[in-house]
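In what comes next, chain A is part of two complexes: it sits with chain B in the first one and with chain C in the second one.
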Partner chain A sequence: MTDYNFAYLDEQTKRMIRRAILKGLAIPGYQVPFASREMPMPYGWGTGGVQLSAATLTPDDRLKVIDQGADDTTNAVSIRKFFEKTARVATTEHTPDASVIQTRHRIPEAPLSEDQILIYQVPIPEPLRFLEPSEVETRKMHELSEYGLMHVKLYEDIARHGHIATSYAYPVQVEGRYVMDPSPIPKFDNPKLSDCAAIQLFGAGREQRIYALPPHTKVVSLDFEDHPFDPSKADAPCALCGDTSSYLDEVITDDAGTRMYVCSDTDHCQTRREAGHSKETAA
Partner chain B sequence: MQETTLEGGFADAPRDAAHAFRACMNAMARPGRIETLRGATPPAPLSQAAGTLLLTLCDADTPVHLAGAHDCDAVRQWLAFHTGAPLAHARTDATFAIGVWDALLPLSDYPIGTARYPDRSATLVVEMDSLTATGARLTGPGIADSAALSLPDIAALRANHALFPQGLDFYFAAGEHLAALPRSTNVEDA
Partner chain C sequence: MYVAVKGGERAIDAAHDWLAEQRRGDTTVPELDVAQIREQMTLAVNRVMAEGSLYDPDLAALAIKQARGDLIEAIFLIRAYRTTLPRFGTSRPLDTGAMDCMRRISATFKDAPGGQVLGPTFDYTHRLLDFKLAADGEDGASASAAVEPPETAPARVPHITGFLGRDGLIEQEPASDEAPPDLTRTPLELPTTRALRLQALARGDEGFLLGLAYSTQRGYARNHAFVGELRIGTVPVEMEIPELGFTVELGEITLTECETVNQFTGSKTEPAQFTRGYGLSFGQTERKAIAVALVDRALRWRELGEDDQGAPAQDEEFVLSHADNIQATGFLEHIKLPHYVDFQSELELVRKLRRQATQATETEAAQ
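Let's turn to the complex of A and B:
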């Protein structure tokens, strides 16, 4: 079967998504409702990101797909194959070679350029949803910039744990206006959201929302003066490439509690190993 | 029907529209940056950039307002044939409006969205004689330091920015060149 329309979606659907993207870019951090379509994969597998990619890809693009930093996990492989088949675009696993990167829950370690577009898969786009279940109420809170509840939540973290215990999907404020869910990226990645050279698009398929950050948008992680934001990571070097600055996954290796830490970004780790870095060469 | 009505659309709609949208998105994401937009050959007085933008973004869901000289048979029929977009009954219903600056005025005629749904606002496509990176000084999201763009009326566009997060978004078209000014951009005299 080769008779898919370019990038799977029909043209009217793509126009609807494209109009939502443009409004999202014009109002950074604001969640634009859109008529999300059924895709040939279940909700929760990145249908929002896939629809953004389908509306954004051109035949000249080179697509990279990552899932928790890895190019070789099920979700990443199947989405990459989906667009190889339906859009016939070139693909890559190497971050600097990609023009469009669809990501689930990570920002690549390599800095992004202005020729790149980063597309996030988002499960729950509303940062206030677990504090206020009503969409009517959260819309009103965004309208009035009434974000006190979010600060109460972070304060309760401090009261209970002694520090802000939120470690992923850490809320941010965009250009001093909308509070936004950065998708479940580790808070380690939050500083990379701000002043990024690439266009960042966020798609939530089940929740039918699109939002965006134009390049060089100021994005601030919420915090308190006496409890400043801390983009923490595991305090160890990568067991494979020895990097001490990348975000690490913890891998349990036996039933006695032995563990190793490895780079979450597989392309970053591979590139370093090919350049001769290892745990032994780490300073 | 004029014979030009049937001509001037995309040769390969999915791919031409994808390329055109990339230019539209890059323009909107980087206010003041002048992009090149090709693909359509619309009838006068539509410019190539404005015509291509309409083919890329308009359909039966988007009422279009044609202002001034753009409200002519050639444009109406071309738009209807290639996009199926209805003409807006009134400016308050328009999703897109197109014309030269003076014909589009006053800006208060167009929907600016609501406080809860600021995305429900019109996008104005302004036909210009030329576009250059001179004149008004632009700062805000999408701009690293500052940008410059030859805008028709700095005071009116500054007033539009003051409505943020509500407000209108603008495309400026000249020939095959396109630039954008979203409501988020702060506009000042150079």
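Let's turn to the complex of A and C:
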């Protein structure tokens, strides 16, 4: 690996990505096209996030990588190893200790600070994509703030199901302008997008788009006055740390289908257990 | 009891060890070396170079070995390597008229200057398994001294479409020395230009383009293509070095070029004329080059004033967004990755909806 540059990408490419990041930060929620590179992991494995991390990391950084909230899921391990090898940066599993956090599908439970960057892996950056397949059309819709179609979709959900039937990748509006896809985080995490102290960067490698939220940006989940946005989670405490307010994974523990709920954010759960919390202390 | 989330790291290491073992296979069978793949799996090497967008037979052969013969995986390895290479500049436009052809055929003229040269083709073989190849030792063909190449190859083999062009029978493509855009350095913007489309098609998946091209033959934006000419051979690549003030030859590459002659257009002001489709691809990759030419022609409907028939092969955005097999396979296969979190939120929602539905029915029943 000695033949590769720091953090894999060459400096020209990083410069190009940094320009896209700066443009994204200047126009919060706007999808900036960028010349996404082929990476040594497949599209869909987080190539957008990896490119953002590569362009963001400095030798002094401390990197945390999570997938589904956990540091030890296979893809998180693989991406963390990639940067250990190509950038030789320090890594951590502890959210407050990380300066750069790459994530897939979750926002950490611990509040983020001003000296942190949260990098999301994004599969489909276009929130309007499933309503309008053509990129030419959707870019025009963003230009004109023509978001009626999205509201009609949400309304149709309510008419059909009595609820907005989107539970993850729930669309948001940024500072009253761009409608944005928050990546497939559960809608439970949506409130954490708003007024976040950290810089939030979103990278979609295959779709060649970068977008961003500068610190303390106002991000509103789309809803209706009579059907307000409702961040939801499993109605149970964590079986390990007893937390009643964190997002939970449901685990099937035996052949009879017994269920157990545990924190999806493994660092959050571990930290609580180390502080003496358990299911018993919660009750 | 709770093991699902932990243990990823050890699992990955074990999987990689097993993969390496499987790649090697039975160790009593001699290991393939990269040169053997390069020399004896040439068409696989060519496909990997073409869709990997990197002309390097040795690296392509290595990628095929490492990928256990999975060509899309090999293309992926090449792409991931290519992406780290610096880009020095743009070569002089290749002169395919100066190609040293090993194969050159025309389906539109029985004979033409330069002649019909079959070259090393499967076209007229009988597809019978040759059990002699399975037996140990050299097969008959290679033992009986290779065919002598003709003593004096003709210096220039003129393009067939040039003959049609001289009589105004085929549309003229305006010449341009402009450096084409680079799809791997600039994000794709739609609508795009023909040069960029051809570039995207050249690295597109052979199977996808084959299917699309075939669909045009079966009536989805039919444009009735004749293979005006198909040529395979080597051409020199030259680059102008500004510091030197002259061009230097960097080397030779093998290319396949296909020019189709398609249905004519005409109007009150312009008499009928044939139109063109064009495909150019690294190595001996003629299925690919022909497919590219057919799809190129179908995509030109607007420019040629044809109707949009709503056919997939006419839809630039559809074709270009889905032709890249590395993008496609990545996104397709990523659904194997964990989606616990999203699925969990869906579970919550479905349960909630069901609960409310049950409550509603119960209330109705009670009334």
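Keep this in mind: the second predicted complex is superposed on the first by the 280 of 283 C-alpha atoms of A that agree within 3 Å, B and C clash if a C-alpha of one lies under 4 Å from a C-alpha of the other, contacts with A are read in each partner's own complex, and residues count from 1 in each chain.
One rule holds for everything that comes next: a contact is a pair of C-beta atoms (placed from the backbone, for glycine too) under 8 Å apart; a residue touches a chain by one contact, two chains touch by 3 or more.
Please read all numbers here as calculations on a predicted model, not as lab measurements.
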Is A:94 in contact with chain B, with chain C, with both, or with neither (first, second, both, neither)? neither
With both complexes overlaid on chain A, does A:259 touch chain B (first), chain C (second), both or neither? neither
Quick one: is A:184 in contact with chain B, with chain C, with both, or with neither? Answer first, second, both or neither. second
Partner chain in contact with A:25 - chain B first, chain C second, else both or neither: first
Of chain C and chain B, partner touching more chain A residues: C
Quick check on the superposed pair: does A:58 touch chain B, chain C, both, or neither? Answer first, second, both or neither. first
Overlap of the chain B and chain C footprints on chain A, residue-wise? 5, 12, 33
Parts of chain B lying in touch with chain A, wherever the complex brings them together: 13-15, 17-19, 21-22, 24-26, 28-30, 56-62, 95, 115-119, 121, 123, 140-144, 164-165, 169, 182-184
Of all residues in chain A, those that touch chain B in their complex: 5-7, 11-12, 14-16, 18-28, 30, 32-33, 55-60, 139-140, 142-143, 175, 177-178, 195, 199, 212-218
In the complex with chain C, residue positions of chain A that touch it: 4-5, 8-10, 12, 33-40, 42-45, 47, 67-70, 72-78, 104-106, 123, 134-136, 161-163, 165, 167-169, 184-188, 206, 208, 232-234, 240, 247-251, 253, 260, 262, 264, 266
Going by the contact rule set out above, which residues of chain C touch chain A in the complex? 1-2, 4-9, 11-12, 76, 79-80, 82-84, 86, 184-191, 317, 321, 326-327, 329-335, 337-342, 344-349, 352-353, 356
